[in-house]
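Heads up, the thing below is written out as structure tokens.
A, B, C and D label the chains in the order they appear, each numbered from 1.
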Amino acid sequence: METLGIDIGGTKIAGGICDEEGNIRCLQRVPTPEDAADINAIVADIYRRCKDEGDIKSIGISAAGNIASDRRTVSFAANLPAWNQYPLADAIEDLIGDGVKVVVENDANAAGWGEYRFGAGRDSRDMIMITVGTGVGGAIIVNGQLVRGAFGMAGEIGHVIMVPDGEACGCGLFGCAEQYASGSALERFAWSAARRQPNQSKHLLEACDYDRSKLIGPMVRDAAQEGDPTATEAFDRLGDWLGRLMADLSAVLDPDTFVIGGGVAEVGDMLLGPAATAFNRYLQASMYRQHASILPAKAGGEAGIIGAADLARID
Amino acid sequence: METLGIDIGGTKIAGGICDEEGNIRCLQRVPTPEDAADINAIVADIYRRCKDEGDIKSIGISAAGNIASDRRTVSFAANLPAWNQYPLADAIEDLIGDGVKVVVENDANAAGWGEYRFGAGRDSRDMIMITVGTGVGGAIIVNGQLVRGAFGMAGEIGHVIMVPDGEACGCGLFGCAEQYASGSALERFAWSAARRQPNQSKHLLEACDYDRSKLIGPMVRDAAQEGDPTATEAFDRLGDWLGRLMADLSAVLDPDTFVIGGGVAEVGDMLLGPAATAFNRYLQASMYRQHASILPAKAGGEAGIIGAADLARID
Amino acid sequence: METLGIDIGGTKIAGGICDEEGNIRCLQRVPTPEDAADINAIVADIYRRCKDEGDIKSIGISAAGNIASDRRTVSFAANLPAWNQYPLADAIEDLIGDGVKVVVENDANAAGWGEYRFGAGRDSRDMIMITVGTGVGGAIIVNGQLVRGAFGMAGEIGHVIMVPDGEACGCGLFGCAEQYASGSALERFAWSAARRQPNQSKHLLEACDYDRSKLIGPMVRDAAQEGDPTATEAFDRLGDWLGRLMADLSAVLDPDTFVIGGGVAEVGDMLLGPAATAFNRYLQASMYRQHASILPAKAGGEAGIIGAADLARID
Amino acid sequence: METLGIDIGGTKIAGGICDEEGNIRCLQRVPTPEDAADINAIVADIYRRCKDEGDIKSIGISAAGNIASDRRTVSFAANLPAWNQYPLADAIEDLIGDGVKVVVENDANAAGWGEYRFGAGRDSRDMIMITVGTGVGGAIIVNGQLVRGAFGMAGEIGHVIMVPDGEACGCGLFGCAEQYASGSALERFAWSAARRQPNQSKHLLEACDYDRSKLIGPMVRDAAQEGDPTATEAFDRLGDWLGRLMADLSAVLDPDTFVIGGGVAEVGDMLLGPAATAFNRYLQASMYRQHASILPAKAGGEAGIIGAADLARID
């Protein structure tokens, strides 16, 4: 059975027809407008362009927001105020007609499911995906099922508190994982190290023009690859916290696989190496148990599309 | 269908025939011997005494240890060295014969399942049981299924690290939840407060004869009930950490219900009150989401028997 | 003996003739120029205007920077790059001539000494002044002597690390006292609380136009005085950390008096109340020892002038 | 001028005549009795045996306890209940007669002063001694003067709180330096590491017979010297916390020298190496300032005798 998968992201909306193997046909990409109705119109338009190419019975939508347990309503979306208690599936179904059913998933969950079904987690049964981007996202699969939580909020692993009274988080709490295991954390670690050892950090400091507000993750990556010790230290530190987070999650869920995705994780071993060391260091009874595999994500930027499409198919 | 549920605890082995409503008949209690073979013999003996009272096709065993994912082998039991990689189900099936099937569950999981099916979690679908005893145990139900983890180690929530470089844990890590949200933590909090304010803590200090090694949880409970401010402070502090742990778990799993059991939790609101306050305080987006219920355990000391029996029935 | 005291601040240079009772005559105020030579010229000009009013043998300068142990050279000034290893006393003495001797002191030390000699610490012998402004400054008096440290860096109490891996500090370390007991911390605490409980924080949120970058300390003060519970909570939290810092300093130095100054401390009991509670809570052996007094600063904005003038007199 | 120095320790009382170069003659050693009067008698007896060997005008006593600011009264001694508000100097002067004056100093202060005057701190002016024994002791010299504090409690650096909600301290607080930078901490670190990696820790585990209560510091030292990686890790961790403590103290006092004494510090570089690394890592503005020297103690077990004797001379 084929379904349409559509990923509504902050900058672009992308979607296409997905088959049961995770292949995409008829892929479309459109910049994301600011208005909810305009977004719906684009989704409907993608549907119209694709519908003659396959037999589409349902549409899976990946959306950046908290999704109610009906899988139809967006409860809250930090970046799109109009999506406050917004009946997204109803709105799109009304617009499209045709009896096509719409299912909405949280974007992290959709991408995690895409990795689980068609990517790095393909051989897994109990998988946790951690997305290391500007923030920290998560998706949890237990016994082959996506865990959405009783109220649709499961997988918000970026808000596990790792350091009591630690770094202030945008959510109003202090010490959230998101402040220690994210790309923002990488920038903070790098800047702090550079500030203390400017002579060893010239590559990085020149790249950002000695201006904290211009320092971005890719500069840290480049500096580390050039051998800048403060940048390397920043990745070590980031990996350490990522490993601690995985150890905490293993205490709770004992998965067989962690899949690490997100832009920051593209550096590969520079992050996953220290993360694995720390995972081993902070895992309870690490000598006496089997360890989860720690794998880089594989499905790439289209994981959300194929994950949403697949979730629309199976449910 | 009826099954036999047997709970092999550190001091006693208890079991009986359980029906599908969580009722027990023919309940037996025997002190726990030290030898593995003697334990098996007692289990077989309980079976023999009960078998004419019902139509027992399978036996569910609740055992204090890590259980392999085959649900037949004990990987490791801290208090019974002979149970290292021990094929408990095989041994008991061989001894009993009759074609009766044996299923082994971790004791926290069995008790959590008992609460989920027949106790405080009866109306729940996504439930976490937290057992506040000497240590901190956990059982996790997601979407109506017990989460055992890929390697049988899920639910070890006592080893989520809450304070980096915090109190040393028996497991060799530092700052585990078990050191902050357990009965041992209660004793430590109470002693510390009493040491700093002995004049306000006479009740407690006299109860333990001014000797740290004699101070036990029930003394703190009694002192708090008598109005000793340092004992009350100890419960407040314990509740605070319990609430933080629940907030962390909600970030990961977003359950609809927490069931709080274990000997320390029998004080009720003295613990659950401050725990609820802290849960609210440390829960991400607490103003914008539905909150899990926090309920005291109800199935009591037999939760493990009825939980193990039920798990043997349904799988 | 009379001396001239001059406080070179970030926005204005102020100075006048100080007698041995801490009285100022002939007070001058001039905006601070950006250039080092222009600053020197202003100091010389203040001297010329005052010299006929008294018999000035020496000038004490309070300067915002690290002062070398010769008390003549500015090693480093964060806000005035030209003052890097700058021989400030030499430059001013050359400009003035007349055989007048110039002595340079760190601004926090000068203000602390002013409080010690003529303000809240007048009856003290072992005093610590804590300045709660944008950052946290300190001045330490032991046995009636100002403690400058072997290399002129004593009293940097804002960089005691209070939370390992805590909030990133501008200095490149993590978890410095400056991030927990300062006006910046107050803003962060208030914003975090408001973000989690916007309905209880309308006064504050409206004051800053719901914009974090517009939120400043006086808004938190006003909101707290209007009864906004999140603003009150922010002051409680700030006071708690200030009390902890005092407890740490008492473990090291056991002073008889803490004097709390800086703009944030002008709220008085709203800050000093919770600070005293926490001091008592975190002070080692608090039941068995005499406690330092905790007093609000009294000498006001001219503490630096009279302190610098007095230090120039006695040495 | 010669004075008698006497160190009243937990297991022995030792004393002799000290000259102005820190040399001891007529050294006596006697086991410490349990009774206060018996202790006084021994001190008087040491005086009688020494008095013909020199011209003794005063006696300096080093005592393990909190000494009131009169330097005559023991306020509190954890290990000798009879010394609660005990007028030690009066009692000894009455017993001896002869017009000999007695001065009492806290033992850590006496030993620190001994190091300052005749040992590793001889070239220093601003020195901090840190004693790493079962606990953590301190002595502070500022500008050539011993800092006793307003109420005689200065130098209790073991109770600076380094980890909020950290390891419970015997004093009733949590996270004190004493729990992270002491010999007890070394044992805890070593046991925790061994527990997690028993295969790499055989030397240590065999030495203590796999029994936590038998594990003592010298076993960790021996194991580290044999190359046991968990023992080495324990020293690294201890050194890390010691370095952090020194960085905190430098922020407050900016000394020119740290002298590290106590039984644990006898391992030398195994502790001082990682301590220096961490000091550099956690010192504010470490690139832009002069650093204190970190030196091993030199005056040995008699530092308390010569320090107490010297303090009796100069005051």
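Criterion: a contact is a pair of C-beta atoms (placed from the backbone, for glycine too) under 8 Å apart; a residue touches a chain by one contact, two chains touch by 3 or more.
All values reported here derive from a predicted model rather than from experimental measurement.
Comparing the contact residues of subunit A and subunit D by number shows a mostly shared set, over half of all numbers used being common to the two copies. In this assembly, the chain whose C-alpha centre lies farthest from subunit C is B. As a whole-number value, the distance joining the C-alpha centres of subunit B and subunit D reads 45 Å.
For this pair, subunit B with subunit C, the centres built from the Cα atoms lie 53 Å apart. Centre-to-centre spacing of subunit A and subunit B amounts to 34 Å, using the average Cα coordinate of each chain. Within subunit A, contacts with two or more other chains are made by residues 163-165, 171, 173, 196. Interface residues of subunit D facing subunit C in the complex, by the touch rule stated above, are 66, 75-76, 125-126, 138, 140, 142-143, 145, 147-164, 171, 173, 176, 244, 247-257, 282, 284-285, 288-290, 292. Residues 163-168, 170-175, 180, 188, 191-196 of subunit A are the ones that touch subunit C when the two sit in their complex. Those residues of subunit C that touch subunit B in the complex are listed here as 164-165, 196-199, 286-287.
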